[in-house]
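Two complexes are shown next, each including chain A; its partner changes from chain B in the first to chain C in the second.
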Partner chain A sequence: MPKLKIDLEVNNRKISKETDAHKRLLDFLRDDLNLTGAKEGCGAGECGTCSVFVDGKLVKSCLMPVAKASGAKIETIEGLADPGSLTPMQKAFHKTGASQCGYCIPGMVMAATSALRENPSADIEEIKERLGGNICRCTGYTKIFEAVEIAKAVIAGDMPEEALDEEPVGESYIGHNVRRLDAPSKVSGRLRYAADIKMHDMLQMQVLRSPHPHANIVSIDTSEAEAMDGVVCVITSDDVPAETDGFGVFVHDQPIMARGKVRHVGEAIAAVAAEDLVSARRALSKIKVEYEELPGVYDPEEAMKAGAAVVHDYAADNIVKHIPVRKGDVASGFASADIVLEDDFSTQQVEHAYLEPEAGIAYVDPDDVIVVMSPSQNITHHRHMLAHILGQPINKVRFIMSPVGGGFGGKEDMIYQGMLALMAMKTNRPVQLNFTREESIIASAKRHPSRVHYKMGLKWNGEITAIQFSMISDGGAYGMSSEGVMRKAAILSCGPYEVHNLSVDTTAVYTNNTPSGAFRTFGGMQAQFATESMMDMAAEALEMDPFEIRRINMMKVGSKTHTQHKLTAASLDACLDAAETDSRWEKGTPNVRGSYRSDLGGDDTRAPCTLGARFMDRKTSQDERVV
Partner chain B sequence: MLTCDTYHLPTTLRDALELWAKAPEGSRLVSGATDILPWAREGRAGDVHIPSFVDVTRVAEFGGHSVAHGRIRLGANIVYQDFLTDGVLKQFLPCMPYCAIWFADDQIRQQATLAGNLANASPVADGTPAVAALNGGVELARLENGEIKTRSFTVSDFILGPGRTVLQPGEIISSVSLDALAGYGGSFQKVGQRRSLVISIACCAVLVKADSTGRVFDDVRLALGGVGPRPIRLNAVESRLRGEKISRRTINSAAQLAADEVASRSRQEYRRSVVIGFVKAGIEEALDNQSDVDAKFEELENA
Partner chain C sequence: MERKLRGRGMAASWYGIARTATIDRAGAWAELDDGGTAKIVTGVTEIGEGILTLLCQVAADELGIKPSEVTIGDNDTARSPEAAHAGATRQTYMLGNSVHLAAQEAKKHLFEELADHWEVELDTLQSFDGEVWANGTNLRITMEDAVAICKARGVVPVGSASFTAHGTGLDPVDGSGSPWQTYVFGTQVAEVEIDTYTGEIQVLGIWAVHDVGRAINPRGVEGQIEGGVVQGLGQALMEDYETVNGHTTTHGFAKYILPTSLDIPQINCTLVEDKDPLSPLGAKGIGEPSLVPTAPAIMNAIYDAIGVRMKSLPATPEKILKALKEKTPGREQYVQNARAQRAQAHRSI
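Our next item is the complex of A and B:
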């Protein structure tokens, strides 16, 4: 590959190195200098995980060709503080718990440092603007802004340095702010995620993905790719034992790589391992795949109709899982109702967008143990599935969980670890695969798009007499966590309310869309959106206060849940009391309020949602309310 | 992924022009390079191999700026952050700080140049309407028989359509010239999905100057972006307002004329209603931002 000579200064150290002409400053820092504090979250300048100082100005190193940095002074997260110490900003991040998964944190610390270097007295609005190029998915930013404000005050001398220390914890950790043990490794950029780890003699792997949502694979010709310089190995489903191939959280319906046909755009077809990333990517374009396109199905309700395209042969009706819950007698419940409300609710597909794209390393150790290191949220299950697929005893497969740079459920599925393990076995060398952001979005599971048809019967006094709840969810091309998500949605369907007569059905359906899987709340959100909306609409119809209608129906000690579990503890009453008091709720029907209300954002009220809240005294929390 | 055979960093205009003239077909001239790296990714251009990059950010002649005869000349390497930090630029280009603060984020603004923004000729570029409102033009340099020759275009003649300009092979933007409008009030209106790092759905650059009484429009400049293939000057609105007494009624009635200029291919109805709001809000904010006029628009209204 064409080379460039680069002379520059990094963290006060003079560097003179020859490197590939096409490299970005980010690649040079990470690959050539092993400074992996700057991360690649998107490669497109959107996320800020790669922020570094170039001649004192903060830039995104993924948008800077390394040639531009020649002659410059570079400062990275590793250079902010001396070894063994932290800057006030880093200490403040540690104190407030601003680092959660930590993947955005080196970039965030850099942006915060830059903000105060540019303007040491920046107000909160300016701080927000200056941090606008850096994205965090864990914290909701509250703790990050709090950290910047504390650091600002300490640097300016408005607060003593002790303000950066851990808050005292009394006899119990409950009710106190406790610092995270792993925060120093994250705020300093020292923590290595899977993509930050390098092994000697390691190959880079890339994956060829399907451009079609539904197609038979007629043939795959890898010969030209295999013959390319630098290419070590190409694998397809032919390299996986057909009898045991298949993984999934509940139903093992997904092959390591597409076998016979593809079921969604982005499904893995083949993988290439090469001496370097460029060779691996170039080889992908030389793999010839002949497809025979099939009619697809893209709507779950269409997929359930007779004659719809079948996604998996084992499920001719395209049903992944149907969960029914029955309690009492719905017909008599509706018959005794004074009013019956009926409505439909739908929610959309959502991407987790954790800042760390999927990444992993596999190798075979000297005892023939196949080792996979990845930010998997489910390593034990992955280990068992992979041992079965590969026909290995369980003690010959090891999974190491690397730090997870955000998961939110999206890293529960074994969508790439199988390919990595196989490639390591085939080549007998360490192999690394780092997803691009685009690949992460196209190949990983999403939140289930759902449609709920809701029917609720009520007495004039607000008592619910019956609920009929029917949810259809788009499961996409593979089962993944759909079954569990449907169970959770069914169990939580009618909310924390005691309903004596209910009929609940949740169904996940196969389509040729991107697979749906686990995502925070695991089906609860879709169900609660429908239920709580119905409760407010019922309050409106019955001219009741929304707190009142909830108290009338709430589960109490001794109540039976929708699945007949008798409760020995319940706290919704306390929760409602606190919400009502702290919001200074003005009693009344939701739809008869005037244009001005002093609750919900008025003086001395608590915000309905506080992301990443920490314990604060009452006065402070009021000041921090609007963030 | 973007790969290349060579990456040149010429330090003089002559070297840059020579390298660019000789560069193999498919080579790219880059400045800030903040657009080309996101472009060479899956879903857009995919993996791209460029024979030769000619990076002009170290060309000495492209640095700095100068003011003469009512115009300000910006070297091609002026970056967006300069509009927020350089006192001279802030004084003479009153709409540019408001445009810049909405542009990408402060890290990308350190690299991204105004000249590069114009050369990309995106219909949703933030810089083009602001330059159009400033009666901006570009100077293009090329080598002819070993001699550096230049030609100049107004921004509306320079941009032919989405991604298309009059730039010929071997030619480089050497400077951007704009009206020096010290004393004007400026503002910039933009809608997008979020605050930072967002491409405009529509945007509007505004420059306003009241007469010595502060109560009559002496000059009004308005240009829209994102609503057509090229930046649009709102000549009808401008001439309706010039010489008129400043009032909300006058502004509101003139603003209605802006909707007729919307020529984008998508979301026409939405953009029509947005630009009317832009013109109203933009003029009111720009009036408040006049450095030499103390009275605020609200006070004028209530006087």
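Our next item is the complex of A and C:
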């Protein structure tokens, strides 16, 4: 690989180093200087996790070739404060709880630091604009804004430094705002996620992925890749015991690597381990795979029709799971209704977009225990599945969860740990796999999209007499968590209301789309989006206040849920009351009264964003000065 | 019509706590250690929600030391007892109670030794924030000394516990069952502004009210609500993973649009604390429930502002403009029908 001599200054130290010419500043900092506070979240300048200062300006280091940094002064998160201390900004992030998973936080702290360096008296609108290039998926940004405002006040001397300290404890640590114990390591960039960890003699792994949504694999030829310089090992499904290959949360339909056929674009076909990342990537292009493309199925309703392409042989109708819930007598419920509303709702497939792409390391320890370190949300179950596939006793497979840079359910389904473990066993060396963002997006499961057909019967007084609810979800190519998602959607379907007559069906269907899996609410939001829309539509039809119609139907102590579980506690009445009071809700029918309702605006809302308007204002005031 | 229109909407929600339609369990070990510190060991997996801090609080409160004096051994299947997964809004409930019970047992061993040493009744002993004392006496020492006394008597104060949440499977025919032992409820109100020229929607305010049983770290709970609300907002208005014949067209964050700092409403959180009667801590959970009502509250607010009902998420500017264009003047047909029906019903009485 062509080399390059780089002279620059990093965190006030002069560095003179030879490095690979293809590297970006981010690679140089992370790989050559072991400064891993800057993270690679997207590699495309869109997320800001790699933010550093270059000659005092905030720069996304994934967009800067290292050659361009020659002669520059670089400041990274590691250089903001002396070891063992934190800047006021970092302390403010600690104080407010502005870090959750922490993966975006080094970049966010850099952007926030930059905002106040550029303008120490920046108002909240300007602060928000200056943080606009940094994505956070956990916090909802609110605690971050609060932190920047506190730091601003402390730096300006408008607030004492003690404002950054923890609140004194009262009579109990329960109910106390103890500061997050892991925050100092996150706001300082010290915490090492899986991709930040290096082990001696470690190999880099890369994965060949399917370009086709549905195809038979006729042959895989890895010989040329295996013969390449630097390549140590190539694995395919031939290296996995066929009798035990297959895992999943509810149905074991997923092989570690595609076995005989691919079912979605991005499915793993083969993996290469090499001495370095570039060699591993190059070797992927030398693996020859012959495919026989098959007709695919991309719509869940089409997939259930006779003659549709079959994704898994065991499920000729392509149905992953159907969950029925029945209570009372729906026909008589509708017969006794004064009004029946019927409509359709749909929700989209959603990406988890945790800022940390999947990553992991596997090695075999001196006691022959296969160890996998990865940001897995379910080390217990992953251990079970992998031990079964590898034919190992449970105690010979060890899962360690590395710090998780956001999960939201997306790191609950096991998709790559099997390949890592196998490679470590084959090579007897530590192996690391770090996904790119694009790889993460095509290979990881999504939130189930949904199509709901809804029928609700009500009395004129607002009482629900019957509900018929039917939901179809695209589960994609593998079962993953689909069964559980359908179950939870069905249980929660008709919302927090006591409905005496209901008929609920939820069905997940195989297609050749990206798989759907676990995602925060596990089907609950899709179902309740439909229900809560219907409740407002019913309120309008009955000319009732939306809080009122909900109170009439809400579950109370003693109510029977949709699955006929008698509740011994229920708090919806308290929630409705508090929401109505806190929001200063003006009672009324939800009949498009926005233009004349009197409860809009106020201190508990924000001003609308008028992006760039402050530059216009500045220009205007300058023009006025000229005049 | 004015260019920018505002409206408000609300939605209620419910959710179950811990694994669904099955029994859930989690284990923990506790030890009161030298220096009046403590070790808690459990397979808990922190994914950013703050569970480790919460468990330190729970252990510290039960043992009578400071949270910063608790060390957690976590996330390792070979070195810690089973705690199962980070999901299903289960970790506060399952691990919180498990750690609470394990710490209680460790403290019991310490107190037994100390009561004997001091010759006082066991139930007079209390501890908080690093001190141990016997009520009704002048006896008061540091936890460091208390542990030393206990160990000098030959006892290492350790405890272990398993906590169970009883859920049942669903009947395969009618779905009946008790899938969780505890439920939470919530309500959110949204205020939106819509630019009718561009279709752009801004959420200006969210009032989020959630029952969490008992807020162990109120700021942490707010953080979960704010994060959930913003994910809900993303799904409501912009996020859309698209595929064409199985191939994604949203490969990265340039195409897959996420909420940024400029999209964030003022989020006003209110915590309802309806203590769970079935567990010692009384806490429930908030991770997932916070997201559930956001999207419908926003859609109901959009309707309030411009009179179009968005039934297909996300409500992108393109969909809003299309809906506005296709909207027939006046109220929706079903509302008119309902009104006519109701009038008819009244006439026939």
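Operating definition for what follows: the second predicted complex is superposed on the first by the 591 of 627 C-alpha atoms of A that agree within 3 Å, B and C clash if a C-alpha of one lies under 4 Å from a C-alpha of the other, contacts with A are read in each partner's own complex, and residues count from 1 in each chain.
Rule of thumb we're sticking to: a residue touches a chain if its C-beta (ideal position, glycine included) is under 8 Å from a C-beta of that chain, and two chains touch if they have at least 3 such contacts.
What you see is a predicted model, and the numbers here were worked out from it, not measured in a lab.
> Based on the superposed arrangement, let me know which partner A:G132 touches: chain B (first), chain C (second), both, or neither?
In the superposition, A:G132 touches chain B and chain C alike.
> Please work out whether A:K68 is in contact with chain B alone, chain C alone, both, or neither, and reply first, second, both or neither.
first
> Output check: A:K60 vs chain B and chain C. Expected answer is one of first, second, both, neither. What do you get?
Touch partner of A:K60: chain B, not chain C.
> So, does A:T568 touch the first partner chain B, the second partner chain C, both, or neither?
In the superposition, A:T568 contacts chain C only.
> Residues of chain A touched by chain B versus by chain C: which partner has the larger set?
Partner touching more chain A residues in the overlay: C.
> For A:E46 in the superposed arrangement: first (chain B), second (chain C), both or neither?
both
> Tell me which partner A:F345 touches in the superposition: chain B (first), chain C (second), both or neither.
second
> Just to be sure I read the superposition right, which of the two partners does A:T514 touch: chain B = first, chain C = second, or both, or neither?
second
> Touching A:E438, do we find chain B (first), chain C (second), both, or neither?
After superposition on chain A, A:E438 lies in contact with both partners, chain B and chain C.
> So chain A touches chain B in one structure and chain C in the other; where do those two contact lists coincide?
In chain A, residues 44, 46, 129, 132-133, 438, 442 are touched by chain B and also by chain C.
> Quick check: in the complex, which residue numbers of chain B touch chain A?
That would be residues 1-7, 9, 30, 32-34, 37-38, 41-43, 47, 53, 55, 57, 81, 101, 104-108, 110-111, 195-197 of chain B.
> Within the complex, which stretch of chain A touches chain B?
Listed in rising order, the residues are 1-2, 4, 21-22, 24, 43-46, 48, 51, 57-60, 62-65, 67-68, 70, 111, 114, 129-130, 132-133, 277-278, 281-282, 285, 436, 438-439, 442.
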